[in-house]
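Below are structures written as C-alpha cells.
Two complexes, one shared chain (chain A), two partners (chain B, chain C).
The block that comes next holds the complex of A and B.
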C-alpha cells in the first residue's frame, strides 16, 4: 500500500507500470513523518531530519531547497538507502520509494538503483570508479536497463547521451579515465550515467552547482524534457531558489531538519507563508529589477542540530516571532493546497 | 541610464576620469602542457593580449565560464603569476619590472580573498593570530597596540571578538570568510582581488558578505577586482563588468549596459543561461551548444564562432574588430547585437 494520499495514486505494480500511456500521476516517493537521527560517540541523539513529509509523483520535479545544515542532503541520501548504512544513523517514520518501504528494509533500494532509481551526487570525483574508463562505467549503467547490445550500438548511444549533457567529443571521452577529466566534466558523466538507465525516479543532490551556468542550462533543459516526455520523477536538492523557480512543479523548503513550507513555485514566489522562505528569497540579488542599496539578510545562522532552539527552530532569527513561537513547535499545516509550518502563516498572509 | 540606478555609495557611475590604479598593457600568459606524444608539448593560451584599466575606488568584475582565464588574469594583475608578455602597472609603476624587494613592499597594497576560507586559513592558528600576522610582519606591531588593531578589524568585518581565540574550523563558512577579509584589509591595501570570494556561501551568508564588501569599499576606498561566475552577485556589486572567453575580454562596459543591452552574443548567452528567481519570468534563452573549447586550440578568427548562434564565414577568417563606445563599452564582434559607436 502506498502512503500517498493522492486520489490518482496507482498501486505500486512497478514491473507492469508502463509510462508510455497517458500520464497518470503515480506517487513514486512518499515521505510521511520521516526522521533521521545521528547518535554521537558521546551518546547524544541529534535530529538531522525531523518529521519530513512530502511526495514526488511521476512527471513531476520537486525541488528540495534550504541552506547548508537544513537536512536536505540527508533526506535525499536516506531515500536512496545510503544513510542507513551508517550504524550511527537511525531512520524512523514512514518512507516509500517506488512502493517499497525503505524504513523497515533499506536494502530494497540496492535492487532499484541503476534501474528505476538513480542518483546524482555532489562529488563526482568520488562517485566515479578511478580505474575504469568512462565508457566502461556508462556501458554498465546502460546494460543494467537495456541489456547487452552490440558494441557499436552501445558506443553511439553513449556518445549521444554525453552530447545531451554538453560533452561534444563524447567518443573520445568514453576512452578516458575520470582523473583525465575536469570536475565539471565528471559531473556531467555522472548525470549521463544516471540517465543511461532511464530511471523513473531521479534523486539529484546539487547536480549543477559546480557547473557553469551555460552547462547548467543545458542539463536543466534535459531534465525538464525527460520529465515531460518520459514522465520521469525528480527530487532535486538545491540551494538555488532561481533553479527551483525555473524547473520545479513543487518547492519544498527545509530549515533545521524540518519542512517549513511546501507550495507550487508561482504561488510560493508570489507570497510566502513562512518567514524563512521570504528571507531566503529576499537575499538573492535581483537579475532584472532595480538593485537595492543593500541586500536584505537573515540575521544569525542556521542552528546546529545539537543546539536547536525551542519551539519553532527559526524563531530566534524571525522578524515576526511572538512568545508562542518559542514555546511550541508549529505543525506543517495545510493552507489551501500548500503547506506552512508557521504559527502566524494565516495572519502574515493577509 | 546607469546613473539613475540606486547603488551603494550613490552615483558610482559618474566619476571624473582619474589615473587607473591598475593598468594591464597587452598582457598575455601562455602555459606549456603535455601533448599527445611522449615528448610533444602544446601551448595553452590562458590570457591573450588583454589591456584594461582599473580606476581607483571602483569594482571591476570578471565573468566567464571556467577555463576562460579570469582567475589567471586576476593573478596577473597582482603579478602573482608572471606574464609571458605585456606590462602590469600599479599606481603608475611597472610591477613587472620591480625587484623582489620592491614587489614585496608594493604587495602590501594588494591583497587577495579566496573562495575557500578553510583552505586559505592556517588551521592551527587562532583567527586573531591569522589577522594579526600581516600586522606583526609588515608593520612590526606588538602588544596592546596589535591587540587593539586586531579587535578593530574584527569589528570592522562584523566578527564577534569573543571568537578571537578560536581556530578557523570552529567557525561557520561566513565567519571564516570574514576572517579572510579582515586579514586582507589589515594592511590597508588599495586593491583587493576577490576570487570567487562569495561563490561557495549560502545565499543568506552570501548577501551578508556582499554587503560587507560593498561597505568596506565605501569606507576604505578600496578597488576590487571581483571574479565570480554568479551573475546576480556581479550585477549587485560591480561598476564595470569584463566578460572573458578563451583568454580575451570579449566585452566590457558599465554594469547596467552589460546586463540590459549586451552587445556580444556570448554575453547575451551567458546572461540568458542564468536562472531567475521568478517563475513567471520569461526570456529569450540562447542555449549554447557544447562547451568552451580547449585553450590549446583556440579557433581562428573569432574565438567564440564555434558556439556562436550568428557566426558567418567571416568570423572564421578574420579576427573581430574592437569596437569602443563613449560610455566605455567595448566589444569584440563582427556583428554586435547592440550598436556600439565611438
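The block that comes next holds the complex of A and C.
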C-alpha cells in the first residue's frame, strides 16, 4: 500500500510510543461501532456519537481530540455510564469496559465506577461537593474501594494519597472545603479521589482545560506517571493537540460524532491521513519568532447533530472534497497500523 | 459575625418604625370609634364620652399620640386596653405562647412535608409522583389556610373524630391548626426543594459523585439534599415570621387562644392599644427571625461560614 511507504518514520514511531516493554497489555476499553443518540422533546433521535471504534489498553494513554461538539466528552461520559442519568440518551453498537459489555447491560458500569473505573472532570472547582469537606469526599471514595476502616487509618491513607498528587499538607487540606482551594488543588484532590479507588481505567475529560499552564503541566505529568507506574489505562479527552503530542500513545481524532483518524502521535504529526486532522494541527500557533500574519482556522463550524451533512460530515469545510465525499460516508479504514475515514486519504498522502 | 448582627439590627429599626407609622395612620383613618365601641349599648352622655376620649389621649394631635406610643413602646409600655383596662404587654405575654407553638409547629410541618415531597418530586422528575406533587403544592399554595382548616375540621374532627375541633390544650389540639397553617407554606418549600435539587443534579459534582461509585440514594440524600437544605432553611425561617402573622386567621377558625384571637377582638372593638401592641410584637418578631435566619445561614453554609469567620 502506498501509504505505508511514504511516511518513513512510522514503524519507529509505534515503538517509541510504547514507553516500556509490556507484553501483557490488556484491552480495558474497546469500542466497536458505539453510537450514542439523544432523543429531542420533539421525538427526533440526534446522533451524538456515530460508530466510534477504538481501544485503550493498560499502561496506555489514548487522547481523544476534536473541537467542541465532536462527541468526545459524550464518548467519555458514556464509557463511565453517566449518560444513563439522562433518559433521553441511548447507547448502541458495542462497547466493552473492563471486559463488560455496557450496551447490553448498562447497569454494569455502576458496579465498576469507583473500583476499576474512575473519572476526572473538566472543571475542578465544580467537581467537588461545595458543602462537604475534602476529607469527607475522599473518605467516600476510599470506603467504596476498601471498606470502612478506623478514622485514623483512613486519614493517614488519604494524606498519603494527597502527597502522591503533590499536596504536602494533606492533613490540613482534608479539613478544608473545596471553595478554599485553588483550581489546581481541586484537580489534584479529584485525581487523589480517583486514585483512592486504584482504578485500572481512568477517564479524564479535559482535566487541565480550566487550569493555568504551569499547573497544567504538573497535572499531566502526574497522569503520565500513573500510567507508567500503575500501568493505568487512560482515556484523555482534550482539544489541545500539544497535550496529545506530549502524552499520547495513540491519538483518536473525532469529528461530528465520528472517529475520523486514529494513529500514534509521531506518525500523526508527521503526516495526517485526514484533512480535518491537518486542519486541527494548522490551528496551533507556531512557537517561532516570526508571527504569522493571522491565526489559521478551519472555516465554518462543527455541524449540529440535527443537521449533519450527507456523506463525510467534514466535506463542507474540507479543502479537498470531491463529489464522492458528499455522497457516501467514508469507512474508518486501516492504513498500515493507523486508521482514517477519508475517501482521499491515500491520494492526499502521496 | 457580631458586625453582621449589628448591621441586620440597624436595618430592622426603620422597618419596624415604618410598620408603626402605617398602622397608626390606618387605625385613625379607618372608620370605627373606640369610645363608642367601649360604651356600646350602655346609656352615656356626651360629657362621659368626652371624658373617655381625654382618658385615652385621643384629643391630642396625631403626631403627639404617635410620639407617645413610640416613646412608651421603647420602655416596654404598650398602653392599656380600652376594653379590658389591662396592660397590653401583660395580655400579649399571656397569649403569645400558644401562638408561637402554633407557628413553630406549622413551620415544622412546612419543612418536613416540603423536603420530603420536594425530594420525591425531584427524584421522579416528570413522572407521575412529580406531576402529583407539583399539582398538590400548587393547590396547597393557592388555598387559604382558613379554608384548609375548615376542610381538616370536617374530615378529621367531625367525620372522623380523631382530633378536637377547638381548644388550646395539649398536642392533639395543635395538630389540625398546625397542618392548616403549615400545609399552605409547604407548597412553597416543596417547589423550592424540587427546583434546587434538580438544578444541583445538573452540576458537575453530582456526575463526579456517581463517577466515584456512590449509589443514587447516597448521592441524593448525602449530597444533593444536603446542598438543597441551605436555601430551604432560609425560606422556612422566613416563613416562620409570616406564619406568626398567619396564625391570626387559623386561631380564629379553631377558636384557639393566642395573640391572633386577641387581635381580632381588638379590631372588632377598635381597641387601638391592643391592635398596635399585637402588630408591633408581630413586626418585631418578624424582623428578629429574619436576623436569626441570616446569621444561621452563615453557620450552615460553609462557603459563608468561613468567610465570616475570617472577616
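Just so we're on the same page, the second predicted complex is superposed on the first by the 295 of 350 C-alpha atoms of A that agree within 3 Å, B and C clash if a C-alpha of one lies under 4 Å from a C-alpha of the other, contacts with A are read in each partner's own complex, and residues count from 1 in each chain.
Keep this in mind: a residue touches a chain if its C-beta (ideal position, glycine included) is under 8 Å from a C-beta of that chain, and two chains touch if they have at least 3 such contacts.
If you're wondering where the values come from, they're calculated on a predicted model, not measured in any experiment.
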item	value
Touching partner for A:141 - first (chain B), second (chain C), both, neither	second
Touched partner set for A:123, first chain B, second chain C, both or neither	second
First (chain B), second (chain C), both or neither touched by A:90	neither
Chain B versus chain C as contact partner of A:222, first or second or both or neither	neither
Which of chain B and chain C A:284 touches, first, second, both or neither	first
Chain B versus chain C as contact partner of A:132, first or second or both or neither	second
Comparing the two partners chain B and chain C, which touches a greater set of residues in chain A	B
Touching both chain C and chain B, counted on chain A across the two superposed complexes	none
Contact footprint of chain C on chain A as seen in their complex	77, 80-82, 85, 110, 113-115, 118-119, 121-123, 126-133, 140-141, 144-145, 177, 179-180, 190, 193-194, 197
In the complex, chain A residues that touch chain B	67-68, 166-168, 182, 184, 212-218, 220-221, 239-243, 245-246, 265-266, 269, 279-281, 283-288, 290-298, 301-302
Residues on chain B engaged by chain A in the complex (per definition of touch)	5-8, 65-66, 172-174, 202-208, 210-211, 214, 229, 231-233, 235-236, 259, 269-281, 285, 287-292
Touching residues (chain side chain C, partner chain A) in the complex	201, 203-205, 207-215, 218, 223, 226-227, 230, 301-303, 306
